[in-house]
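Shared chain: subunit A. Partners: subunit B in the first complex, subunit C in the second.
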Partner chain A sequence: MVDGGIMSKEKLEVKNLDVYVGKKQVLYGISLEIGAGEIHVLMGPNGSGKSTLANVIMGLPGYSVKGKLLLSSKDFSKMSIPERARAGIFLAFQNSPEIDSVKNVNFMRQASLSCGKNVEASQFKREFEEALNRVGLNAEFYDRPVNFGFSGGEKKKNELAQLIILNPKFAILDEIDSGLDVDSIKRAVNIVKALAAEGKGILLITHSPLLLKYLTPKRIYVMSNGRIVKHGGSEILSKIEREGFTAFDKRM
Partner chain B sequence: MLNKDLVVEISKSKKEPEWMLQIRLRALELFLKTPLPTWQIPSLKDLDFDSISYFNPQNIRATSWEELPSDLKRVYKKMGLPEAEQRWLGGTIAQYQSEGIYAKLKEEWQRKGVIFCSLDDAVKKYPELVRKHFANVVPVDDNKFTLLHYAVWSGGSFLYVPRGVEVNFPMQTYFFMKDKREGQFEHTIIIAEEGASVQYIEGCSAPVYDANSLHSAVVEVYAKDNGKVRYSTVQNWSKNVYNLNTKRAIIGKNALMEWVGGSLGAKVSMLYPSTVLAGEGACASHLTITLASKGTVKEGGAKVIHLAPHTRSTIISKSICIGDGHGVYRGLVKIAKGAYDSVSNARCDSLLIGRHAKSDTFPHSDIQETKGTSFTHEASAGRISEKQLEYMMSRGIREQDAMMLYVSGFITPILKEIPLEYAIELNRFIQIEMEGSIG
Partner chain C sequence: MRIGYFTGKAEYADFIGNELLINIPRDKQVILTLITLYSGRVRINLGANSRLLLSAIDMSKEENHSIDMNVDLSKNAKCITTFNFKGESTETKYAFSANTARNSHIALNTIMGHKGKFTGVISTKIRSGAHSLVNCLIAPLSGSTTNLNISADHMESNSSNSIELAGYAKKGDRVDFEGKIYVPKGLKDVETRMNGRFLSVEGASVHALPILSIYSRDVRASHGISVANLSIDELNYMQSRGIALEDAYAIAEQGLLSSMLNKMAKTFEL
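Let's turn to the complex of A and B:
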């Protein structure tokens, strides 16, 4: 990832994406492009289709999809969920499920082995401990069942720890800020910035402008009723703060 | 053909004493008069007792690994056994067809007076010791299948640990079936005298074959005052096998009995290891993993009888049901009058994989003493949800591996209790079963 020339070729593209649940269309002509090392933000009210887009990129079932999904110009729309993960796509879930019978460390160990990261057990242990520490989870989370009995904030932090361990090319963070207190949000933002600086492309999904107080994204998209109704730089932000998301609906 | 002539022939060829022949003949007579049990979930009506071969005399007897037949070694290898085998070689008895062909005991144990050999040998070499303990914990007429067993039993182990001797090395046997329509009726007796302790490990597996086959073993365990016995078994019979065993321990004052079982293969299983807590302060622990894979019905459980005060029992049962597999827990805890201050806790968890998987729990209790006694039973049945699977898959883990990860976590509390080699093997078998059953 040191070679800027190669790095700059990595990109995640969504082109003219239409998505249906059954016969009902839920996303309309979505296009976006995220380059390596860039932070993009997807905003919009609840129910506008942000999580649907995230789920479709990850390949979660329940949707029929038209349009293109490209990872560094290669179509990945036919890949299975694990294949996408191994190709370098990561989704931090908005509601991560609890898995009571699997320990966090075993889950991450299996995941990183599956993603081709074959390090010594002792090194892995160290890395996972460091990742937990970095996101603000204490050592007990190492051995606890995955997300089991975690608070909303702890789940978000655990998603970030997984992101650090799996080291993907592109990460979609679905409401990584919800349930976090202000200090934790700052910490999360710093991690996101650092990951971007390492060369990962980031798509932050949020419906709260608060997150954007601490970072300057390359681009902001506003979504409403399944469409991207506006995109641009941080100037959009002041309009959202003034008028709310409804300001953009009228332009449809 | 199952009849008197066959029983006499078995006894004769083993050059057994008269008392053993008499036990066999009485058992056969009662067996023929006793109907099949009907209270259990799996049907036994397809069992054809006359089509089973009851006895295959074997004259090969090996005293070292090199002497073992090569196809037997191949099976060992396939099972991933060599490491375990080599390590525990000194204490191994392998049962080939119906008789032990390999029996070796480390010299140091012999010096301590430990006896570990096939029961057939023990009948000849230690007749008094065997006679005193044979058919004593598990009576001949305990049930239909013990009757059959006592009529035609062959093979099995005899393990005797003298007073105060602690064997700090697991004693291990490896049984398996090879020929078609072969019944295996091995009889195992384990005796820990006062203050003695021993761990016994039995593993079973069978190559695939096509006819119904019957396995009906009896295990009798004695842990005398302050004695300690752990009996671990991993059974992986092929899917045409009826596995109907009776295993029971009777334990004395402050003695400890631990049953650790992994029940994997077989078409129908009925296994309810039981412990009779006969002495004050005695303690029993029952741990079972059951895998009910496609097309199988597994009844498992535990039976604990508290006869003395201050006795304790713990039952943990984990069952995994795959495809249309049906796992049944059936338990009985009895606290007899006078067994005051006794406690029993049972916990049964089932994991259902697939829409047609099924589990049932039948915990029975009979608490006759109320002073200071308690009995608890907790049960749960769960499934791996789509959401959980998708989540694991989104981290790069293949569906199959994700399921396995989940299942491994589910059974970890029991896997921890069995030797590493067996834990790995068991994990692998479950994986193979899951591969064949999903998708």
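Let's turn to the complex of A and C:
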């Protein structure tokens, strides 16, 4: 994928990843590789380990990890959460918390400064307003407390606005479609496509095939009981629609 | 020792010993700025239809420091006072009391940015048609102790009160707050509220006790005091956007300060 006119070699790799919560193993030998500008999809039933994988890649606490996490061939498994964000990894949370003491604009201004985007305040203001508008949130959300009192769909849109502003190299979108109406899903998909076209690698996590009616991912992974039990192209989708995720459980 | 210095029209204010007397005649509008350095009293009398905008900053370095302030309002008078405590006393005692008259307004904005131990006692008596607004921001230097008591007594019907607090406590800080609202039996058309938000971190101690003693039926009352740390989820979320832990706390504090300063700014619209 072209990035600034140069073929980008950026990639996010997860290699043979085992994850434990306390002594209990929750993920088993997970491997995947996402290149710049590629859209990959991770599917699976509730509780299959999709969000755990996303949390582990972002470095959220509570997990012990064996295996490799590589960003453009560099090990990032020892990086703190903010270091991973600054290195170019973004996680759109499935359940983003409400922070009632911080305004959305101040939060995003601090986030973008922390990630090295040091633009004039007036330019930042314009860019944030444009991002909100692009995801379908009105200007009122500019200085509302972060996610406070937002509906489920508004939280998802706010995550996308943050993604646009922070401009990471790789984005993991954990159930970005949940809580969105059909029109908003189409809008979200168009944003994801555009971001991929700009060179970002995207991992979409969902358990709903609906999202995939509007885009064609490079690869689909199916998770079940902490394992990737199948990966491939869009033929997987028709099998899921026909037989559900239980069809893949049998392969274990 | 006189209490400090003021700027503004000298004809309305006078030092007598350690007391500052401020008398605003009927129908006059006066702006005064006061710097307090030593212990003493401030007595303020506002004539009917008068206005006073008083901006005070405490910069005492006395070991034991006390400021006793009293405001008496005549009917239709308005007094807006902002008191910013930035002193370095080991112990500061601050007492503020206001007696309203019919249709008068009292607004008190207090910013506690102190060092050491701070004890504040704020009380207002609210008559018919009167409004009392008390905004307090507790933003002490690290390792301090704050003990704050605020009471609002509704004396007559058709009176309103608002107590708003915001503050944060860092490691080693202690904040004790007690707020009391009293509405006696038989009053009508009373509006009263007390809200507060404290942000505390591990190792800080914050205790808040709101007490509403309401004995009338015709009262619109609300209260809500929360004491919270930034949760692990909030911190993880902020960090996932590249924000360092110390910056996460800083923007949460700034949010709290900004929200309170906006409330204080609104008192100037009175």
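Some observations on this one:
Just so we're on the same page, the second predicted complex is superposed on the first by the 245 of 252 C-alpha atoms of A that agree within 3 Å, B and C clash if a C-alpha of one lies under 4 Å from a C-alpha of the other, contacts with A are read in each partner's own complex, and residues count from 1 in each chain.
Convention: contacts are C-beta pairs under 8 Å (C-beta built on N, C-alpha and C of every residue); 3 or more make two chains touch, one makes a residue touch a chain.
Computed from a prediction, not measured in an experiment: that's the story for all the values here.
Once the complexes are laid over each other on subunit A, subunit B and subunit C cannot both fit and instead clash.
Once chain A of one complex is fitted onto chain A of the other, the partner contacts of A:158 are absent, as it touches neither subunit B nor subunit C.
Contact with neither subunit B nor subunit C is seen for A:184 once the two complexes are overlaid on the shared chain.
Of the two partner chains, subunit B and subunit C are each touched by A:102. In the superposition on chain A, A:91 makes contact with both subunit B and subunit C. Remark: of the candidate stretches 38-46, 74-82, 92-100 or 236-244 in subunit B, the one overlapping subunit C after superposition on chain A is 236-244. Once the two complexes are overlaid on chain A, the subunit A residues touched by subunit B in the first and by subunit C in the second are 58, 60-61, 80-82, 84-86, 90-91, 93, 96-97, 99, 101-103, 106-108, 110-111, 114-115, 145, 162, 166. Subunit A makes touch with subunit B in their complex at residues 58, 60-61, 80-82, 84-86, 90-91, 93, 96-97, 99, 101-103, 106-108, 110-112, 114-115, 145, 162, 166. Within the complex formed with subunit A, the residues of subunit C that make contact are 197, 199, 230-234, 236-245, 247, 251-256, 258-259.
Residues of subunit A touching subunit C in their complex: 58, 60-61, 80-82, 84-86, 90-91, 93, 96-97, 99, 101-103, 106-108, 110-111, 114-115, 145, 162, 166.
Of all the residues in subunit B, the ones that touch subunit A in their complex are 351, 385-388, 390-399, 401, 405-410, 412.
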